[in-house]
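Each structure below appears as structure tokens.
In what comes next, chain A is part of two complexes: it sits with chain B in the first one and with chain C in the second one.
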Partner chain A sequence: MATTKTDEDVDFKGENDEGKHPEGNLLNFEPEVPVESMLVPTDNFDSFEQEAPPDPSNLKVDSNLAECQNNDNNTVDDDKLDPDTSGASRSISELSLASEESTDHHGEEEVTNNEEWRSQEKHVFILSSAGKPIYSRHGSEDKLVTLFGVMQALVSFIGDDGDVIRSIHTQGTLFVFLIKGPIMLACVCKTRESVAQITVQLNYVYSQIVSVLTLQQLTRIYEQRRNYDLRRLLAGAERLIDHMLIALETQPALLLGAVQCLPLVPTTRDAITNIIVSSCNKIKNLVFAILVGGNQLVTLIRMKKFFLHPADLHLILNLVNSSESFKAAESWTPICLPKFDPKGFLHAHVSYLAEDCEACLLLLTVDADLFFPLSEAKQKIVEKLRRASLLQSINSALAHPGTPVSQLGVPEARHFLYKCKATAQFWGPVPAPPYQTAEGAKRLLDQYRILHHRLHAPMQPLKLLYLQDHAETMLGWVTTGFELYVAFEPLVTKTNAINAVNKILRWIKKDENGLFITNAPTF
Partner chain B sequence: MAHDSPLSLKYFYIYNSSYGQKEGEEAQKILYYYPTKTDLDSQIKNVGLTEAIIKFTETFNCNQQCESLHTQKTRQLYYQPEDGFWMVLVLTVPTATKTKEGIDHLEYQSDEVQDNIYWAVLKQAYRSFQLFNGSFSNILDSEKDPTKLRYKLDHFFAKYLIKLKPQHADILDVFHGIQFLPLDKKTFLHVQTLVNLLECSFPKVRHTAFLYNDQLVWSGLEPDDMQAMYRYLITSLLPAQMETELQGGPMPRQSAAFSALHFGSRFVSGPSNLQGDDVGKIPKVYLKNDDGPVICHLVIYRALNATVCLFIDEAVSLEMDFFQRLDIFLGHRLTSLGSEIAEQFNHSVASAASAESGAKFVYFNQLNRAQKSTIHLDNRKSGNISVPVDVLRILADVNADFMERKPTTGETIVKTMNDFWVVGKLSNLREFYVVIHHKNANLIEINEEVKKLCDSQFKSIFFNE
Partner chain C sequence: MRTIEGKIVVLGSQGVGKTSMVVRYIGKMFSHHISPTIGASFFTCKINIDETRVKLQVWDTAGQERFRSMAPMYYRNANAALLVFDITQYHTFTAIKNWVKELQRNVEEPMVLALVGNKTDLVNQRKVLREEAHQYAVSIGGTYFETSALQDEGIEEVFLNSAIGMIKLSEDSQCTSLRVYDSSDTSSPTAILQPPPPLTSAVQLDKGPTQGEQERVLACC
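Moving on to the complex of A and B:
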């Protein structure tokens, strides 16, 4: 991704460091930007609008999957792209077994009258356009049939007028609806998040479903049977959705649409990357090799011309984080990455590097028959890493407790998040008091959410936002190259806040190569 | 931004679910529906949707008011001013044509419609009705059937909605503040002396309010009542008289010589001819009180841009003799006081104009509802504003954020993509917003500029740093 020069760069000619401030004349703190990034830079706002289901007739046209395959291996039968005939996908024939079941309405009042259920901070419901329950975060779907019916009725009543329901606002509760082709999602939350932010979250949940089924299968199922009970196909996926929702609530990564990298000396990271490349470059159809540890990215190698969207990487991280079974044995699992290609599956070889190394390696391919070659390659990678004592390097980086803000020499700041826009990566120090508790961390993330929402308001994005209230003073700043979100003590002066921002940027700049992956290796 | 279709009022309706609960009798729930020409089926359908939405939200929260519904094409605001009575304002979302990949498509600008503004507009509609008619349930009580209420609603809102102009609503509609006229001590005491003397000489007068042009000098009403009253006076009753005076905008006002057009004092509500027998039509107002509303006659008398509003107990019957005595008492006194204020007023306008800087501001004090603003070029709610409309929206956003988080003090500073800075300060119950256009300024410089503005405009008011 090449950066484009904008008029803003003109401001950045300041030479004198001290006394140059946010949004005044600025010294150049813009991050170093690689010519190409492995991740697609994103503002995370591309997914607001409801999408219509794709026309099945052109499902194969313009497919990333097809392109990766044709690139390197013309012998693979095109049919393999069709998830319905590919061995790893769930068979469409299961659908014919579907029969109407009777549902039990009696338990419903028990649930909706339950104070604990009513006071849950965030409900998420998924249902088909016919009103069939698919998922409920709290309380069994079977006991909420009437509620699902009411939601379906509201959506279709407003839909009949050629309009689309978006949200309902009450004094303390927000209701958000998202209609995605044959299914709809609803969120009921008391968290004071904005409609735009909840919509992004519902889109993540939707992507999680697509990731398990592919869009093609999802569309086809409902074309054949409008009344189909999707839970048959999603057995086991509830866990992924539950986990995704928790991640959305607790991890700044999903808010920022960025990933955090495991901090490593650049030469170490390059050595790891080179070992993976050299062990895999004979294997055709390998699209991505991803090494993750502690929910952070160690390295990512991609097939030339193809990029991973951060939202897809979050789906992958969610899969890894919510599946204990990967630790026990190497696995072969189909996964659809909706931003990469919603129409079909990639096949993932997933394994942890070794019993004594908690990093997880994912090798993603379009070829369903590649399990054994990938398994072999993985063995080679581990051997080489061990010989070069790189497993040790990864382990010690994983064991590092993280850098608290106090070690950065910025006493004015309590915490911050820095996102490099071009590489879709971010870094933040480990939370220190008052944010070390779960409650404190939640409040901090809420504050970041408020900043993020206002700075990225779809109709009216802002350059800078400074918010002072009784608990803290927050500063959010978006430039062409980076986004910075800082939490200060409530009574910080503006001069001190600005000095702190400059110190943070200088520190980031100094350590940029260890904190971020600034190259974009390919096979 | 150019709009293909601007924001507009689509429906406005008032219903009570306890009427017409039987199937087929749903129409009885509807007490007022605008546009009145809407066919009954659509009316019933839309009221039904509102009821369904409210019922649905109740599944998840007890006792929280449902405030709005957002759809792609509409924004619907809900307000329940009295138990069981719901008022609903439905707006069409403005649209704009955008070109994407060479293809024109219609985009709904939902973010341009701000809930806090229109919820305030809806609430104000109720307050205005209530001021002249009393509460919904009081109108019902006397007759037990809603025929009279329907009639009164129809009579009131038919006129009210024409003047609504929802496309020009902004943060000032959230505040509905009162502009006070600052006077020097001596002149202010003269006003107060007149009011006291008047109330002693005419014990039937319960409260008095004194205005000069569109600014309030003195009020004996509760702030809440005065707020509603003030709005009625300056948006409905006085504009006819003040049209010529207001053409120059709120800051540079017309000179006293110009106002002399209205030389000669007269009753604005009351008899037009003091020699005749007809005392004229005198409106009644319902003032708030702990034990039910107090109903008063509203008599308005005006001389030389000075307006005196007299609130007289309903029980008193107003005879021509009363008006004649009032005219004799007020005529001369008010004329001379009016010219005294005019002199000082022109003086202060001249000095204010010289202090004018590039910064625009809005100030509002919740305690006395005082408001001061330079974001409008006139007082006529015609969309004639001195800052870009997208920047103006940020003010309402910042206000919504303050109201939601409810801090006692707080400060918000934003810089927009087009280099406008908006500073919002909340200090106890006072709010202050400043708009500055400055590309190369930084936070500290903006802070200094706001401080300077505070010093020049609000010398004695303390704002937290």
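Moving on to the complex of A and C:
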């Protein structure tokens, strides 16, 4: 049973009855809007669905990468932008010296008739526009040649008339397609997600591929050989895609297009930031310094003029979370951040702060020769953090189990997510019963997805939604400054729900500076 | 004490055991849970050989194909290369030949080349004959070693050989990328306090198959 209470807006907004409202002017709850945010503010489904969004920051210059280099009056060195021309130039035909393995047609039925395979809730397939298998979430893509052939035929049949296939709806199953230049992605799911939501997810997967190859390389490969077997170049990157899909299924961050910050006392965070800035400020061409821990952002410092898009930050978090090898030694690796510049690689110095501190520092630059200066800077940073006992502060924040909703004194609310739109950050309490189990957490996230979809429905977006279900009552509220999603007891009354929302907002407001990064430090 | 600083790059296909070798040598351990290298990992170590201290900057590169085009960044100015393959996978040996061609094309300064056949503990699955690998190593002016990172066989010899090779390079005026200095002018005080690592003596130990090559190297310096 769902009711859309547009008339309730008044109570929530408090615009029309300022003063009369028992809680006073609710507009005070709007988050502090920083002059500038380190992350690009996101609205949901922003630009994700369009090909090559006309991002204003991209219009000024051709390439962000080139501009960072110009920043210090360096001449743009094309070599640095294009990995393939740096030193040994290798053509694609050389890359594919190994003859392409003949694919195994036997056993396809074995896979597709397999009960376990068939009962998977969500399949994701990636194939080239020539129909070559690239990736399958479940089951080996080798074994699915016929299936990939069917998908390719379907897409090209509809494409013949100049149309683009987006989705197929059958009873209980949804098929969503995303065509991105030379590759296509398809999702077959029995979840209750919407086409728009699945499309966002496929876009994340696509951006993961661009992140390891660059758009330039991807395009050129298929220009040179339409039949190229991309699995050769993606070998080892499947785990990044797997990991990304798991994150999409289990974490609200990607749904919200926002990141969670490691809660820290503001002065502590500032001290950490200042140490990083002072240790790096002589280094030219350093674009971003990012400190992450436990899948949360500790701090982010950027070159003036440049911003990090949360989608790019998610790619960075995904890389860190799925690469154990960073723990063993300092690494120096190329990474493409598609929202920053899909055309080329940035170089990342990646290292954990110390054996006794599991926070990972990433220093991103456009300059391939910067490893040693960055390595030195990292050492300085760690020494200074240690001397100021800040490693300890980070450790205790990382060890903190998180705040349960019970500590907020809002007994009606079981869980909530609060997203600050201007800073693209969100916060939520640790899941408590009934959501502490994997099953419970999944149901909660499903509920948030439904709310999220309804609030952001492309045709008819809503400001407020109140959904009463047998398991819980869900409330979603979108204002100019924030988005709030709350799960209540199923039998909560509307008045109690409103009071609870007010309490939550007051609590967030009080702790805003510790829960969110509200400044936007630069080098 | 004379100190030489050189760069050594570890190349080879995905999964042949490059990181396992480096971690075995530097960390003195083997882990079954080493995960694939991303980009390249950087390590340093020091070896004392007679009156010379060799500081090695080790670049352990990722074997995944997608990092292939980044390789020049890692092998540029290298003084030695460890070309690692897996003796149970013939194609990893074939891949070395492309690496060698690429190095010959792109690195101008002389380089110490060590061809390393790893995973000798899996000798019953051997696909690359020792003789073939040995001949290939000779043909490129390198030395062939066989190792097992798992059982700690032959690893020290590989690094020692590269260090000794670098000392020889440093005596060659052609080589400009090696940093050579007398520790009396630039040394840090800690360098003096460190006990001399017993690495030279390790050569005397009989480490089986690679000993032939080992002795030859020592004999010529």
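We take it that the second predicted complex is superposed on the first by the 463 of 523 C-alpha atoms of A that agree within 3 Å, B and C clash if a C-alpha of one lies under 4 Å from a C-alpha of the other, contacts with A are read in each partner's own complex, and residues count from 1 in each chain.
Following the convention adopted for this analysis, a residue touches a chain if its C-beta (ideal position, glycine included) is under 8 Å from a C-beta of that chain, and two chains touch if they have at least 3 such contacts.
Note that the structure is predicted; figures quoted are calculated from it, not measured.
Undergrad: May I ask you to name which of chain B and chain C touches more residues of chain A?
TA: B
Undergrad: According to the stated criteria, A:A329 is in contact with first (chain B), second (chain C), both, or neither; which is it?
TA: After superposition on chain A, A:A329 lies in contact with chain C alone.
Undergrad: Check the residue A:A368 against both partner chains and state whether it touches chain B (first), chain C (second), both, or neither.
TA: Touch partner of A:A368: chain C, not chain B.
Undergrad: Of the two partner chains, chain B (first) and chain C (second), which one does A:V188 touch, if any: first, second, both, or neither?
TA: Only chain B; A:V188 stays clear of chain C.
Undergrad: Once chain A of both complexes is superposed, is A:R232 in touch with chain B (first), chain C (second), both, or neither?
TA: second
Undergrad: Looking at A:R118 after the superposition, I want to know if it touches chain B, chain C, both of them or none. Which is it: first, second, both, neither?
TA: In the superposed model, A:R118 contacts chain B only, not chain C.
Undergrad: In the overlay, answer first, second, both or neither for which of chain B and chain C A:Y466 touches.
TA: A:Y466 sits against chain B, while chain C stays out of touch.
Undergrad: Would you mind writing out the residues of chain B in touch with chain A in their complex?
TA: Those in contact with chain A are residues 49, 52-53, 56-57, 59-62, 64-74, 109-112, 115, 390, 393-394, 397, 401, 404-405, 407-417, 419, 440-445, 447.
Undergrad: Taking the touch rule as given, give the residues of chain C at its contact with chain A in the complex, in rising order.
TA: 14, 19, 23, 33-43, 60, 62, 64-74, 76, 91, 98, 102, 105-106
Undergrad: Chain C touches which residues of chain A in the complex?
TA: Residue list for chain A touching chain C: 83-84, 86-88, 90, 95, 97-98, 212-213, 217, 232-237, 319, 323-326, 328-334, 348, 350, 368, 371, 375.
Undergrad: Can you list the residues on chain A that touch chain B in the complex?
TA: Per the stated touch rule, the residues are 11, 20-25, 112, 118, 123, 147, 150-151, 153-154, 157-158, 162-173, 175, 188, 190, 192, 195, 450, 454, 457-470, 494-495, 497-498.
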